[in-house]
Amino acid sequence: MSLTNKVTAEDILRISGVDASRCMQCGKCSGACPNYDEMDYHPHQFAAMVRKGKITELMESKALYQCLSCFACSQRCPRGVEPAKLIEAVRLSVIRQKGKNYMTADALPEKLDEKIPQQALVSAMRKYSK
Amino acid sequence: MMKKISFQDLPRLFREISETQTLIAPIEKCGQVNFGVWTPDSTLRLDALKTVKSAKGAFFPQVEDIVHFRMKDKTIDIHPAEVLTEDFVIFGVRACDARSFELLDRVFLADPVDPFYAARRKHGTVVTLACNQPEETCFCTNFGIDAADPCGDVTAWMDRDTLYLRANTEKGEALISRLENGEEAPVEDLKKSIGEILKKLPLNDLNLTGFDGDHLMEKFNDPKWEELARGCLGCGTCTFVCPTCQCYDVRDFDAGENGIQRYRCWDSCMFSDFTLMAHGTNRPTQTERFRQRFMHKLVYFPAKNEGLYSCVGCGRCLEKCPQSIHIVNVIKSLGVKEDD
Amino acid sequence: MQEMIVNRLRELLASGDYAGVIGWSKGETPFDRTPGLFTEKDLDRLCYDSFCGSNLSKYLIANAKDKKVIALLKPCDCYSFNQMCTEHRIQRENVYVIGVGCKGKIDGEKIRNGGIKGITGVSEEGDLLKIETLYGEKEISRKDVLLDKCLSCKGKEHKCADEVIGESEDTSVGNKYELVEKLDAMTPEERFEFWRGELSKCIRCNACRNACPACSCIKCVFDNPKSGVENKAAADDFEENLFHIIRAYHVAGRCTDCGECSRACPQGIPLHLLNRKIIKDINELYGDYQAGEEIGQRHPLTDFTFEDDEPSVVERRGGGK
Amino acid sequence: MQKIGVFVCWCGSNIAATVDVKAVAEALKDEAGVVFSTDYQYMCSENGQAMIRQAIKDYGLTGIVVCSCSPRMHEATFRKTAVSAGLNPYMVEIANIREQCSWIHKDMAEGTEKAIVLARAAVAKLHRNAPLTAGTSPVTKRALVIGGGIAGIQTALDVADAGFEVDIVEKSPTIGGRMAQLDKTFPTLDCSACILTPKMVEAAQHEKINIISYAELESLSGFVGNFTATIRKKARYIDEDKCSGCGVCTEKCPSRKGLDDFNMRLNKRGAVYIPFAQAIPNVAVIDADQCIHFRTGKCGLCQKNCSAGAIDFEQKDQLIERQYGAIVVATGFKPIDASQFNEYAYNDSPDVVTSLEFERIMNAAGPTKGQLVRPSDLEHPHEIVFIQCVGSRCSEDAEKGKPYCSKICCMYTAKHAMLVREKYPDVNVHVFYIDARTPGKNFDEFYRRAVEQYGVDYIKGMVGKVSVEGKKLHVQGSDLLNGEQVHINADMVVLATAIEPDPTARSLGTMLTASMDTNDFFTEAHPKLRPVESPTAGVFLSGVAQGPKDIPETVAQAGAAAAKVIGLLAKNELTCNACVAHANEAVCNGCSQCERVCPYGAITYEDREIRTPEFRGVRRIATVNEAVCQGCGACTVTCPSGAMDLKGFTNRQIMSEVDAICR
Amino acid sequence: MSVNKEWTPNIVAFCCNWCSYAGADLAGSGRMNYPANVKIIRIPCSCRLNPMFVLRAFQRGADGVILCGCHPGDCHYSTGNYYARRRMTVLFSLLDFMGIERGRTRVEWVSAAEGAKFAATMNDFVKTVTELGENKKLGDLRCKK
């Protein structure tokens, strides 16, 4: 995937309102994550990588679309970092890149899983397809 | 010889006078009329009957430098302030204020003569103005003052659009000799009409019997002082608007590099620090201070000055006292009652 | 109302519990109302009418020290009374406060300044004042000659009365900060000129200070030779400014806005505007505060919050150019 | 008129390079009152000081101005010099012509001109100086220690050993505090009770120590050296003098509903109880809320069975008023409420316990007699998960938890893990941690032993969720080092809950006017240099009341606080600050404004007989307690009449400086 | 000594003993430059500054007056600077109301560690007051040279 615009840590801070530097890498977020095993990058890594400016890697990650936005990580975080918002900010950065369509109705059946709430799919469609 | 000038031409006359000497006249500033130096931009208010402060400031200013000291290394330079050497005119003085100058003369020109006051009296020309519309607070008649025909170097009358002037002294003559001659008749009419009003003034018949040196202790010990003084705030309004109050204090101001300036300023016997001495004050209560003021005006002064009261009945204290306590209350309370 | 007051006073004084009543008596001119302490025998001299504008609360400092007295206080005077009680200048238990009804008091000076001269008598007929003068009869609307302080009336409630006699009316008109705001909107030069003009009239008679219930110091710094700033007359413009700035500052937070300073000033200087500016600042910066609202208040300058504005707020706020 | 000497210091070239010191000395000769003026290379040197002393004698100087470095540097030096020459120390003024002149200006003319102005200002001020004598106040030679834990006990013992009376006020029925609840202590693993109880006994038997248990400070007034405390001794319904601590009453009591606070409410106890076997005083106490007699008026079994006749149902709270010279705050801590962290299922399962509860479970004197069993079914656990940092290290704005590190959890968790593994090698122990913080003597070695020797499974990462699944607790956490999520079916979960100051600390702080931080820990007077003193004079800090610390640190700090207390009580009187506020009674209005702004409560009012020329009689006058006044001057500005002035910085002194500077 | 040079303002800086005076000392030890026309008066706490002193300084020829104290929350006496803050706000506003230039008065919190801030503050204040020019409105003619 080629990115038309370079996204920086500041952009993520601006979009999410979350200061990743407050993270102390305790891992409670990842400990709480219900979809941990599906993700290539885990919530605590989002915080660490945003801080290091490795946004491109995150934007290209699978984890972006594995995150259920259940907010367990945000709820548990003792330092108010709210990884879910970080992930969402990275996702939005991807969406804000021009000319990409990430989810089509055709791809939907293979994603169907009885554990995934319908609502998540619906909102994902709304966000990631054009 | 009567002279006259139309109101229209008055500014011209004022300009002429002010070219050679300082001209002091009733001037309105921020809603109040006081005697001040006239300039062509001033708002002249000859119609104002009573200035807030009396005219005495022209001869006895509220603040006046008397001497300067300056430390130089470890020696002291002394420079007495200079007395006035230039002529000035004070215009529009009313009969009461004009009389007050005579009273002040008795204090400042008596031995030892006050050089600052004497110089001002010498160089000042007083132009008085008859009172066309005396007010309810006026009681000058009680002191033998004729508001229809005041004294001074020049006496002036305002009639509709013309000012009539009569020189009473050489100084006065010098000031108005160049003016056009005027008629006597309108002035006589004015005097008559003013006289009529003066007769109707509510405070005309104050009974001053007993206010003299002979009854000094009787007045001094009168128990009514306490109640009379109860409302007195101890401010100096009455004394500072009064044309006859003449007390002053001497103070130093340390202006640092510029040395020490010794000046005198009006003092008020109403103030708690009046005649304060090292041991404290000899009139610790407001009642005593209050009594001092009126005893001075109505008893001590006449006792030493052939019965001349140190009050000219201008009525400023009646108008200005924040609590309406004044000399008329005192005269009526302590004096002989009509029916006694 | 006067009759009701006098009758009630007769009753109270008959008990023998009180040394007298602080009230007003009539004087020589139609406007003269002189404060005094009245006992049972001279109650007939006591007067209460539309000319009793002066604030008598300050007399209680001297007159209720070691004896009990009755005081006649108008609604606005009550604030001063409470403030002085807060400052322990008056012992509350020594004063029986009769709140007297007030529908605005008349300013004699305003009648005179309106060009009515030689006044020998005044009578009230509803909202109309009939004025007898040496030069004939005149009429003037009562509303036009109310004391300035009545135009910023604080309301008809007596904040400290033990009992109330008579009806009161709120006579406030418009925004009491109007003049302050007008000055605020001027350039500093204009403001400076305004105050120079006004303060240059000052004759340092101390009427403002001595009439002020907040200026109740036993010895004022300006009278105290040991203070280093004692000063009897303004020998320089600066001293006129100094006296009035410091006076306003010393009563800051304690001034109830009773208006006695301006009422007492023989030169008509609007001194209350200085105090009112401070009141406005305090209300805006530290929350609404009315000095003398109740006894025992802690005034804003003896208080703080951690979040107070920095003094530089002065540079940012308000009008001005 | 003063006779003033001016001494201009070169400070080598520090001043002389940019200030013409000779010109300064010369210019000052012309100042009014200056009778001697000179310059010297180093005024602070012995020679320089000798020169000053000589000049004071030769010229009969009444005051000196030293133009030198900052008064913060050498004011004290020159004051001593003046004193040795017979001058009052407050007749010395320093003109700071180094830090505030020579060092900031490069131009010699400019620097010299400014130095002259600064010197003149000092001379002008000195003209107004008056000799000041610092007041003194007597010291009551008794200390009050609030809190009877190890911190309070240690402070009390040290102070008492120095020969001063000490009262310990303890709010619970026994002293001992948190340490008494512990099983073993790290890193030595010695028995907590074995080292604590001898100290408790020592305190109880010390002739200088008076233990007031089951009591709280009710009110406090006064100031350093002269506090008056009112202590409320709560009714325990037992006559302490008669009770022998035999324990018969506790056995006979039919009520069994009370929860045992000492055992972290893990078990029930009777309405009359002795907290633990070694309690001091070893006296029973009746819990009136549980007692059948108090609820129904019946029962009274304890009374019937007490051979000493110590039961007194009529007993009332007792107020004790006593004077103290010093107060030590040793109020300690409590673990935070774990129920707010329900992601760890604390509310859902009795098998999720806090560390202090676990401590009781492991303790031989605890509810399980030291047997490691699950609280739910009293079965032996096989998998135990410890979770670190529960409620510690949360962000300031977090809804729950504390922003600080509780400091002791890493070590006691290692201790617990080790103890479990030693006693029960069959039990698997997992520790979820963020960082293992082990600074301290033998601490890291201790932690490493847990890992290496005892095979404790340390997992770097946090637990995200604990859920109850049947009899098991499903623990889900992350293993950050291995990049995986860990799932453990545990039998027990132990939460290393954060510690927080005892809830009574806040109100105590207000009572003592001792400042506290946002977490309710008492603030020290200086974080580095005065760590055991509160900013409020005479109030000292001991133990966790000041901040999280372990036992050795607590004991060390307790000793340090004791040393400070001894230093204070050893004095017969205290020298007060000489630059204190003073109200001129001749002009004081008694208006109370100054009282309102005084941060120390140093101003009171009294009706005083006044005799001035204007006034004779009694007036309300402000009075400054010179022992309490610290000389800030807040009162002086709030005083409209100028009655309140600050000695050493009077209105006129400061105005003289202003005049001299502006002229 | 004062040769003919262009006008420079006379500045009085009141510094609290514990923070700002030490901050000024630190500026000195750090050899940080600020104009010589700034003269410091040591007061125990910013709350010791009486408005009278401010006016006195203007009377006697100061062109600017600045108060420096501990940062709010850091007061050696715990609350002094909070009172000072209110007092000076009210005073400055009143002076402004009387038409005195706002820039002539200032309050700045300078800690003992902020030597650089002290110097910078003084430089800035001198600049502001220099732009305002001589203090004509609040001076006393008798004290003018």
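We just call them A, B, C, D and E in the order they show up, numbering each chain from 1.
One rule holds in what follows: a contact is a pair of C-beta atoms (placed from the backbone, for glycine too) under 8 Å apart; a residue touches a chain by one contact, two chains touch by 3 or more.
Since this is a predicted model, take the numbers as computed values, not measurements.
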Separation of chain D from chain E in touching-chain steps, minimised, is 1
Suppose you hop from chain B to any chain it touches, then on again the same way; how many hops at least until you reach chain E? 1
Strictly by the touch rule at the top, which chains does chain A share as contacts with chain C? D
Work out the mean Cα position per chain and let me know which chain is farthest from chain A. B
Go through C-E and A-D and name the pair with more C-beta contacts between its chains. C-E
What chain lies closest to the overall centre, CA atoms only? E
Between chain B and chain C, tell me the centre distance in angstrom, where each centre is the average of that chain's C-alpha atoms. 30
Mean-CA-position distance for chain B and chain A (Å): 92
Distance from the mean Cα position of chain E to that of chain A, given in whole angstrom: 54
Inter-chain centre distance, chain B versus chain D - centres from mean C-alpha coordinates, in Å: 72
Could you check chain B for residues that touch two or more other chains and list them? 253, 256-257, 261, 272
Would you please write down the residue numbers of chain D that are in contact with two or more other chains? 597, 614-615, 638, 651, 655, 659, 662-663
Touching pairs of chains in this structure are A-D, B-C, B-D, B-E, C-D, C-E, D-E
Seen from chain B, its contact residues with chain C in the complex are 29-32, 34, 49, 52-53, 62-63, 133-137, 197, 200-203, 227, 230-231, 233-237, 239-241, 249, 251, 253, 261, 263, 265-268, 271-273, 276, 318-320, 322-326, 328-329, 332
Could you please specify the touching residues of chain E with respect to chain D in the complex? 1-3, 10, 12, 17, 21-22, 24-29, 31-34, 36-37, 39-45, 47-53, 56-57, 59-62, 76-80, 83, 87, 119, 143
State the interface residues of chain A toward chain D in the complex, per the touch definition above. 22, 24-33, 36-37, 42, 44, 72-73, 76, 78-80
Given the complex with chain A, which residues does chain D contribute to the contact? 343, 389, 393-395, 397-398, 401, 432, 434, 460-465, 476-480, 483, 485-486
In the complex with chain D, residue positions of chain B that touch it: 71, 73-74, 254, 256-257, 272, 279-281, 284
